[in-house]
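In structure tokens below, several structures.
What follows is subunit A paired twice: with subunit B in the first complex and subunit C in the second.
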Partner chain A sequence: MDIRSQIAMVFHLDKCIGCHTCSIACKNIWTDRKGAEYMWWNNVETKPGTGYPNKWEDQSVYKGGWAKSDDELRLKGMDRKSTMANIFHNPYMPVMDDYYEPWTYDYANLFEAPAGDDQPTARPISLVTGEPIDIKTGPNWDDDLGGSPDYARQDVNMHDLTPAEKEAMFQLERMTMFYLPRICNHCLNAACVAACPSGAIYKRGEDGIVLINQNKCRSWRMCVSACPYKKSYYNWNNGKSEKCLLCYPRLESGQAPACMHTCVGRIRYLGVLLYDADRIKEIATCEEKDLVAKQMEIYLDPFDENVRQAARENGVAESTLDSARKSPVWKFVKEWGIALPLHPEYRTLPNLFYVPPLLPAIADTSTGSYETTSASLWGGIESSRVPMQYMANLFTAGDTEKIREVLKKLMAVRIHRRGVTVGDLHEDECKQAFAETGLTADVADAIFRLTSLPKFGERFVIPAAHREEATELLENTADIKGNTGFGTLNTPQRI
Partner chain B sequence: MVFMQRVSMTIVFCLLTFYASSQDGADLFKRTCSPCHSIGGGRLVGPDLAGVTKKADKVWLTKFIKNSAGLIKSGNPAAVAIGKEYNNLLMPPFIGSENEVSAIINFIDSKGGSAQSAAADTFLNAASVENVMRGKALFLGNLPLKNAGSSCITCHSVHDVAGVGGSLAKSLNLSYFMLKGQGIKAMLQSPPFPAMTNTYAAHPLNDQEIYDLAAYLKNISQTMVKGQATRSTFPFLLLGIGGWCLFMLLLFGLWRLRKRLSVNHVIFARQMATEK
Partner chain C sequence: MSDIFLLIALPYTALIVMLVGSVYVYGTQAYKVTSLSTQFLESRDLFFGGLFMHWGIVALFFGHLIAFLFPASVIAWNGNPVRLIILEAAALIFGISFFVGVVILIFRRLRNKRLHRATTDMDIAVFVVLLTQAVTGIWIALTYRWGSAWFASVLTPYIRSLFLMNPDLAAVSAMPLIIKIHISTAFLLIGMIPFSRFMHFLVFPVKYFWRPFQVVIWNRDRKLMRNSTAVTPEVKSRNN
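On to the complex of A and B.
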């Protein structure tokens, strides 16, 4: 056992309203710089849709993530030899058109244009070339099903749907969408780390945040194509790759990451999970159908004294263990089992989990009118407007049983709470829902509480960072004690 | 007081300069001129310079020393005549100050005497086949130079190792006929060309090495003239073009599966079509 701590996250998709406040908060803090304009470390995608960069899920194009061959794991896009051979020309790299050409507007023209017959306009100006451009696409061009034939119908996750199911998704009375906010998954088996020829990417020991060392990065951009989630971006201005750093400077001072702090729908949860690093290879190489279940096994019970003792021996701080017990992520992912990883089939073991959305049921149009009433209050899960297979392709590598189980639990909580607060449902209905899912009234209430009424401190359980211990791994602090503080990266300029 | 100080300092300075320049003349001549010229010792590579200051005026000499090629090109009759006499073997331009040039001319002037005809070149009379073989090994670098100088082939080429020699400096195929044994010896003892001077300043050749190399170069020049030179017939240009084509084909093959277009190209194409 090699027990380590990982900062993990849960996004509750039923609560996401698609307001992009998270993206803006992130952009304002981190990527509002030349060369980083096109980077959206946090972005919110409309599903069905092709996301950002376009069709990022289509690994037949981008070759991101891992592939299993026999019992070994290899990167889909590269191995040592092909990395060497392609080091000056990475063949699967996204190009600017796969993202978009960042632009601003010529606002000054509105004030400075000479008097004329027409109103002056602010033309779009490329932030790359500085020349006026015709905007072709943007980071969120398919928001709210905008341009559906171009985007939603091209969604990669519809690959196993029957033609009838596919068609049904785009009929007006059945049309639906939900939002999928994405940040870096800070994977346990990160493909970007494995792909970097310079060894510049690393997973922080104390909390598992995946970072790119800006001094070591040599801009080979292998991480850009290796990351199946396309969350490593290349800064064309300074020639280094950059990615979400989970706002580690905020975490170290006990604050929630900016995207989570600002979340209007309060969909985001963050906390510690303990995992057994010895099992990563075994789990990442298991059969595709077992991936989700196996990944859940890697996270260990923070209440188990054996686990705690092994963690302590491995250098996990006591305060981290305490915080692991209060972790909302532990509850969603393991205790209640209602949060699932995004695209587990990439085999990176992502640490960002999603509570799938309970979408509206299909309306009945057979009578000629738009009839939404159904036998039960919300309609069955089976009659959800988004086919079960689609959800399964997103969250369970195609396993519809697993996603059905989760959605049933969510529905059981709804039925139970409706019974408690309104009382208009038959008691049997609630009992049946509990029997099918194995939930109890107490658990359902706890899920309801953490979903609907959580306090700030319940959503974000951030362990103390213990930077002092991390520093001691690298240098003997006694050597410089009493001299110049803990040292500086760059010595101040004296005049 | 200050005035007196200044005067005395000026006098000292002038004396020192004079002394230094007269010293420089002999030294400079030895370093930069003696490989090709003697004063009263007969013609080497270039003319015997004894009495040259009586034949030509100082201004012309300075011009010629500083840039003989330019002077010949400008059509100066005296310069053109000298060039013809020496098979248009150009004298490398002197890199230095006006003072140094005049120091050299003064030095030549002070020696006096008159030019002698070419002395018999007996330097390589005793050269044997072993000398030639050793010279070749030294030239190619198979045998290292004692003082760790770079081997000749780094910059020079000769006909019997065609295609391998360096192209940074002149081909030495006809060096013997231009310089004769004495000239080669003098060149190797204190090379007058700036690049060669720097290269061998800290790594001088010893006498044996000079002799072997000179013997080899003589052999090269003779075989060249007798038409025994093995000319390089290897088609380097064709090889280059062929290699480039092969490389491009290889790239095409290796990257045939690469991502050629943006994933959005269908969308953009449709939009462009709609706009029309």
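On to the complex of A and C.
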């Protein structure tokens, strides 16, 4: 056992209103620079849709993530040798047009244009070339199903859907959508780390944040294609790759990451998960159908004294263990089992989990009016406007049973709360809902509370980084004190 | 006089600048050491240009290196005219590949507006040097046959004499101007290394062949750190 601590996240998709506030907060802090204008370390996508960069999920093009061949795990794109053979030109790298050409507007013209018959306009100006451009696409051009034939219909996750299911997703009166906010997953088995020829990308041992050492990045740009989530971005100006750093300067001073802090829908949760690093390879190599279940196994119970002792011995701080017990992520992911990883089939063991959306799925217009009561207990889920297969392709590597199980739990919470607050449901119905999902009234109430009424401190349980003991991170103060005195690393020996 | 400048002063200056400069840049400004990839802005032409140029220059680099280090073997190889032709043809093909690659890359830079923004004065200098080197190299190959034969008797002694700190221009000074230009541009290129993207081939990531896939860095090495409880049993440091 090699127990480490990981900062993990949960995004509750039913609560996302698609306002992009997170993206703007992130952009204003981190990517408002030349060469980084096109980057959205945090972005919000509409599903169904093709996302950003366009069709990022299509690994037949970008070859991101890992593939299992026999019992071995290999990078889907290029192994070590072909990385070297292709170092002069990366065959799978997305280019600017796959994202979009960033632009601003010629605002000065509004003030400086000479007097004339017409109102002056602010033309769009490319932030790359500095010349006027015709805007063709942007980072969220598929927002709210805009331009569906080009975007939603090209969604990569529709494989294994029946033609009827597919068609139904685009009928005017059945059409639906949900939002998918995305940041770096700070994976346990990160493909970007593995693909970097210079070894510039690393995971921080203490909190699992994945960072790119800007002094070691040599612009071999292999991480860009290797990351299956396309969350490593190439800065065309300074020749360095950049990515979400989970606002580590904020985390270290006890603040939530900017995207999470600003989240209007309060959909984001952040906390510690303890995991067993010795099992990463084994779990990343398991059968596709077992991936989700197995990944859940890697996270260890912070209430288990044996786990805590092993963690302590491995150097995990006591304060981190405390945070792990209070972690909302632990609750959503392990205790309640209602949050799932995005595209587990990429085998990177991502640490960002999503509570899948129940959606306004139940409404039915066959009677001529907008009918929202469902006839049977799970009728709403079965007649969901988003096919279960589609959801499964996103969150469970195609396993519809698993996604149904999670949605039923979410539904059971609703049924229970409706029983409590409105009181118009038969008691048997609640009982049956609990019986089939294994929830209890207490758990359902806890889920409801953490979903709907959480305070700031419950959504973000940030372990102390012990900045006050920063010296100790660099030198062993007890030793130094008795040897050379503070502030020097030389041994007190005469030569 | 110009020989002394081009074939002695310039080489020594370039080598010293390269050695001191690249160690200095690597040590103090590692941030600047990158290949400055432009594939993100334009990928298709880079495929052709980049591949032709790189495979060409890499092969030529090793070709020149072998000719310098093992002149006797090259002469022996050339003993058979068929083998001489094969060697010369191969060298010329790589030379043409290099030349074509550089030309594609130059046109690529000229044609693409986005690339203008990512092109610095140093990039222009880089392409001027590379183009000069490609043109003079091919010119020499076509007009002064056979390079692989006279390299051993003319250039090897000259380069060796440079390294032995005892420059000997006897053989090279009799060479035509074009060859002198080729030599001095090569040293110019070497001298430019610390100031340009040329740094990128000095940091070729060989380590990637054997490093473990996952990299984890701790602020403090838990495994190596001494256990403070050994000194003060009742006090355990709280971090980590």
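Methods note: the second predicted complex is superposed on the first by the 448 of 495 C-alpha atoms of A that agree within 3 Å, B and C clash if a C-alpha of one lies under 4 Å from a C-alpha of the other, contacts with A are read in each partner's own complex, and residues count from 1 in each chain.
One rule holds in what follows: a contact is a pair of C-beta atoms (placed from the backbone, for glycine too) under 8 Å apart; a residue touches a chain by one contact, two chains touch by 3 or more.
No experiment lies behind these values; they were computed from the predicted model shown.
Visitor: In the superposed model built on subunit A, check whether subunit B and subunit C fit or clash.
Guide: Because the two structures are overlaid on the shared chain, the partners are seen to clash.
Visitor: What is the contact status of A:Asp144 with respect to subunit B (first) and subunit C (second): first, second, both, or neither?
Guide: Neither partner.
Visitor: Report for A:Glu282: first if it touches subunit B alone, second if subunit C alone, otherwise both or neither.
Guide: So A:Glu282 meets neither subunit B nor subunit C here.
Visitor: Just subunit B (first), just subunit C (second), both, or neither: which does A:Asp304 touch?
Guide: Neither partner.
Visitor: Looking at the overlay, does A:His89 come into contact with subunit B only (first), subunit C only (second), both, or neither?
Guide: Both partners.
Visitor: Would you check which partner chain A:Asp160 touches, where first means subunit B only, second means subunit C only, and both and neither mean what they say?
Guide: Touch partners of A:Asp160: none, neither subunit B nor subunit C.
Visitor: In this superposition, which partner touches a larger number of subunit A residues, subunit B or subunit C?
Guide: If we count touched residues of subunit A for both partners, the winner is C.
Visitor: If we overlay the two complexes on their shared chain A, which of subunit B and subunit C does A:Glu72 touch? Say first, second, both or neither.
Guide: Touch partners of A:Glu72: none, neither subunit B nor subunit C.
Visitor: For A:Asp58 in the superposed arrangement: first (subunit B), second (subunit C), both or neither?
Guide: Only subunit B is touched by A:Asp58; subunit C is not.
Visitor: In the overlaid three-chain picture, which partner chain does A:Lys216 touch, first (subunit B) or second (subunit C), both, or neither?
Guide: In the superposed model, A:Lys216 contacts subunit C only, not subunit B.
Visitor: One more residue to check, A:Lys136. First (subunit B), second (subunit C), both or neither?
Guide: A:Lys136 sits against subunit B, while subunit C stays out of touch.
Visitor: With the two complexes overlaid, spot the stretch of subunit C among 20-28, 74-82, 146-154 or 218-226 whose C-alpha atoms clash with subunit B.
Guide: 146-154
Visitor: State which residues of subunit A lie in both footprints, the one left by subunit B and the one left by subunit C.
Guide: Common to the two interfaces on subunit A: residues 89, 91, 93, 95-96.
Visitor: Could you pull out which subunit A residues touch subunit B in their complex?
Guide: Interface residues on the subunit A side: 50, 53-55, 58, 61-62, 85-86, 89, 91-98, 136-137, 147, 150-151.
Visitor: Which positions of subunit A touch subunit C when the two form their complex?
Guide: Going by the criterion above, the answer is residues 80, 83-84, 88-91, 93, 95-96, 101, 128-131, 189-190, 193-194, 196-199, 201-206, 214-221, 224, 234, 236-240, 277, 280, 314-319, 466, 469, 472-474, 476-479, 482.
Visitor: Sort out for me which residues of subunit C touch subunit A in the complex.
Guide: 30-31, 33-43, 46-47, 50-51, 54-55, 113-114, 116-118, 200, 203, 205, 207-209, 211, 213-220, 222, 225-226, 228, 231-232, 235, 237-240
Visitor: What does subunit B use to touch subunit A in their complex?
Guide: By the definition above, subunit B touches subunit A via 254-255, 257-259, 262-268, 270-271.
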